[in-house]
Amino acid sequence: MTAYLLKRAAAGLLTLVVASAVVFSVLEILPGDAARLMLGFNATEDAVQALRVQMGLDQGFLVRYFHWTGGLLSLDFGRSYTYSVPVIDLVAERAAVSLPLALISLALSTAIALPVGVFAAARRGRPADTLAMAASQFGVAVPNFWFALLLVYVFAVWLRLVPAGGFPGWSAGAWPALKALILPAIALALPQAAILARVTRSALLDVLGEDFIRTARAKGLPQRAVLWRHALRNAMLPVLTILGLQFAFLLAGTVIIENVFYLPGLGRLVFQAINQRDLIVVESVVMLLVATVIVVNLLVDVSYALVDPRLRTRT
Amino acid sequence: MKIRKSVLAAALVVLVSNAAYAARTDLVLGIPLEPPNLDPTAGAAAAIDEVLYANVFEGLTRIGARGEVLPALAESWTVSDDGKVYTFKLRTSVKYHDGTDFNADDVKFSLDRARADNSTNAQKGLFAAIDTVEVVDSATVKVTLKNPQGSFLYNMGWGDAVIVAPESAETNKDNPVGTGPFKFGSWAKGSSITLVKADSYWGDPVALDKVEFRIIPDAAAAVPALLSGDVQALPNFQLGDALPQVQSDPRFKVVIGSTEGETVLATNNKKPPFDNLKVRQAIAHAIDRKAIIDGASGGYGVPIGSHFSPANAAYVDLTGTYPYDPAKAKALLAEAGFPDGFKTTLKLPPVGYARDGGQIIASELRDIGIDAEIIPVEWADWLKQVFTEKDYDLSIVSHTEPNDIDIYARKDYYFNYDNPAFHKVIEELNLTSDEAKRTELYGQAQKILADDAVNGFLFELPKIGIWDAKVEGLWENAPIQATDLTKVKWVD
Amino acid sequence: MSDEALPRTGFMAQAFANRSFVAGFVITAFIAAVALLSFFWTPYDVTRLIVADRMQPPSAAHLLGTDQFGRDMLSMIMVGARNSIAVALVAVGIGMGVGVPLGCWAAARGGYIDDVLMRFNDIVFAFPALLSAIMITAIFGPGAVNAIIAIGIFNIPVFARVARAGALAIWPREFILAARAAGKGKGLITAQHILPNITNLLLVQGTIQFALGILAEAGLSYVGLGAQPPMPSWGRMLFDAQTRMIVAPYLAIIPGMAIVITVLGLNLIGDGLADTLDPKLRRRR
């Protein structure tokens, strides 16, 4: 188990190194630079050049690359060109929106998907199952940003229950902040829940066909206990995989939803930074996200071992 | 416990109803773009000035609601007969928000900093005419120009020319310290900037205690925020097709004013076939300003016939120079040697008026046989390709700097326009400070640009201001990019 | 199941016995027909803007109303279908064209080549797909072609993984061992025996990626990085509708429905195919 984890960690590290080189050199091709953008139409060339020097943009490609990666090692992400504050501060501010949003929608989607999946599996082939699966088929097909638009129209514009967009900040109090995250979380959660429900159902059906379930049934255990205690526990592997993937997706893939609701999250930060050529922000956030994906995958693998004792002994 | 609660509630009711008698002193304003930093001397973004100009930072002079030059940190000034020496008498007992005193040394520091070799001031050109800045005494500054400049006092009223203190100049981007009626409170990046009343202010005290600029990037979010009362004013917001929703609501005042934003179909005047006057005239005749204004600015833009703001006293209406006439446009194209039209490109920056207006113009050009391929570009690419490298045929952009007709006289400006007659007018204008004479010269300049059909002159970007009907004192027009809150108050 | 590949005609015949597949097939065929029709005929010309007719609600003259430039929404939806299908289809083609050979190669060679290829896969997977697509379109400029490339790149590891897994399951089979004993090279075996046996697997994955591609294209267009005006695109129409939704909700509802129906159709096909492919799953229904 330890050897396996070490091997995985080494692979993750390698991925990070390659990713840093790819991101840095790819962004190098982007036309235009931050200095010119900051100073706009009327700026004279020498003012722009002076700003470039101030930002360190006049240095060579390799110098900047090693300066940046060297900083990353000591968790120094550098300073944003446009905001001229440490990138880590910007990221922390934005993660305070993205992280709760991702967690809430993940919790929401799990809370919907697991019962629906189990329910459908227990009533396989019956109308309830067909209905649940038809609904989930629809859920998978709905683009989350369109669903978000409809939610805004109904709950914010029409009923005026929640704000249509923007984020008041956690300093405004937990409730106003949470209120601003409700619609985005629902918009993100529902399509995810549809996928998760389908995975749960089919994983359960796989397990229900296995011998130990038949044994449990033969022992006279009630159906509900068989389902929740024995079957679901063993069906968790694919469900966990999907959950891990979804978390990684939710953290960065929310950029479109953040656009719909004007949430100052990580996705929007990267989006803005690309347009403002604030490349150091783009590079650092992408690296952070890549690292998150690697860590989450690692965690999923570890929980595999926890859920399935067979795997624990195997490696 | 229960009893105490109800007592508390009653007390609250009293408190609240008492508070209702006094006018409100807080205001939340919605702005579409977040400033990249909070230092007006360190960036061209209009959003910086829209939050800080006149509120936190002040210059020697300031621009008023009608575009006039008013005294600010300079109480008064005298100009030498040859127009080259300006002597400013400064206000005394002015303090920065950090408690330090304002004096002539700060003026010298600010002006020298802005025009230094390593200056990163976005409008360095404003200070180009300055030869020396001398401190006469702590309340007097003498500025000597290399040559007379008619617009010098106006230039000193720009946001980029505000006076900063040497102690705080480097940290203003994050923690702005100025001399204005409001001091910086906090900045929640991505969502809002808060200013609070500065008690140390030298001028008339302001009515508001706390002002929050909330960043709302889009009309779709702004309208619900306004309707629910979260935001009480949208001083300059392109609501587009969502505007009627607010207009019909008596709780709000909708004020359509003017900006200094001349929206033009920028044309590469040196690149064939646009070097041919007939081709440019044909394009001018092909443009239906009404359709563009309806489709790209919600119907509120004011048509323009040259590069000049209709709000300016020196404005001349030249929209009739080349009226909408597709048949005539086709004939002109044929005369120019393009009976079947030609193919060209239209590069559009990422703003609504350009992207929407571009589609309409492309459709109108197609009607006279010109096939313009739309190429959307981000600002960074636009600045590089169009503005710097002049690698473009046509583009649409709004030139929002006030009084900027002189850009047509600049060497190597991206229009690639070069007319000696126009140069002469601008040179003369620079040397003239007599208002009547300046107005006449401005008129001549406008006429030359219109006749030459340098660009497709489309419309003046409207300033659409929406605010609670009980709020008073916000500007109707936007002669400069600013949200001047010094006179804003709640009334009942 | 015999050792040799199922004859494809048999596979498709079985698929047509599946309810999901038939429903999906009907929907998809309809959308495809609409897209094809748009090449020859649309109710109105979508390249001509008539601003005076802007934002008219659905009526007899304009069945689905008009947009902010006075263009007929029905015509826009028809032409938009073309764009969505083309982008997603070509992106799947890129994914298959590069991913399947890579996956087969990794399965055939094993060893360090397999390791390197799979590591490469992991790296691509670790990148946030949407943000990377945004970066790609920012570098090469927004547009349908670059959207295809951005979506296509992220399809490559998906197909590589499926092809590799499928191929690995077949390599130890007896008929492959027989072919090797007969002196056939690995390349030849892959082409003659492995590929035909994983075709159905790839078909299922292809349908899923096709549906995801349509969603991805809509998302990219919605943030302004997909197809560019004047080319109509569903995602773009949604973006344009957003600020106008308060006064004209139909502008947002119609393109969204088009996306949902198309993706639904493809997903139903994918489900039907998967059921047909895996009899164990089918029994369960």
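Each chain carries a letter (A, B and C) given by its place in the written order, and its residues are counted from 1.
Convention: a contact is a pair of C-beta atoms (placed from the backbone, for glycine too) under 8 Å apart; a residue touches a chain by one contact, two chains touch by 3 or more.
Keep in mind that this is a model prediction, so the values were computed, not measured.
Student: Would you identify the chain whose C-alpha centroid lies closest to the centroid of all protein C-alpha atoms displayed?
Tutor: Central chain: A.
Student: A-C or B-C: which has the larger count of contacting C-beta pairs?
Tutor: A-C
Student: Distance between chain A and chain B based on Cα centroids, please, to the nearest Å.
Tutor: 39
Student: Centre to centre, by mean C-alpha position, how many angstrom separate chain A and chain C?
Tutor: 23
Student: Rounded to a whole Å, what is the gap between the Cα centroids of chain B and chain C?
Tutor: 46
Student: Which chain B residues reach two or more other chains?
Tutor: Residues 218, 220, 223, 350, 378, 381 of chain B each touch two or more of the other chains.
Student: Where does chain A touch two or more other chains at once, residue-wise?
Tutor: Chain A, residues with two or more chain partners: 30, 152, 157, 275.
Student: In chain C, what residues contact two or more other chains?
Tutor: Correct list: 138, 242, 245-246.
Student: Can you tell me which positions in chain C touch chain A when the two form their complex?
Tutor: 119, 122-123, 125-132, 134-135, 138-139, 211, 215, 218-219, 222-223, 238, 241-242, 245-246, 249, 252-253, 255-256, 259-261, 263-264, 267-268, 271, 281, 284-285
Student: Would you pull the chain B residues touching chain A in the complex into a rising list?
Tutor: Against chain A, the touching part of chain B is residues 36-37, 42-45, 117-125, 173-174, 188-192, 214-218, 220-221, 223-225, 227-228, 230, 350, 378-381, 383-385, 387-388, 399, 401.
Student: Sort out for me which residues of chain B touch chain C in the complex.
Tutor: 218-220, 223, 240-242, 244-245, 291, 294-295, 350, 355-356, 358-360, 362-363, 366, 374-378, 381
Student: Could you please specify the touching residues of chain A with respect to chain B in the complex?
Tutor: Those residues of chain A that touch chain B are 30-33, 36-44, 46-48, 50-51, 53-54, 82-85, 90, 93-94, 97, 152, 156-157, 160, 163-169, 171, 261-262, 264, 268-269, 275-277.
Student: In the complex formed with chain B, which residues of chain C make contact?
Tutor: Residues 47-49, 51-52, 54-55, 68-69, 138, 141-142, 224, 228-230, 242-248 of chain C touch chain B in their complex.
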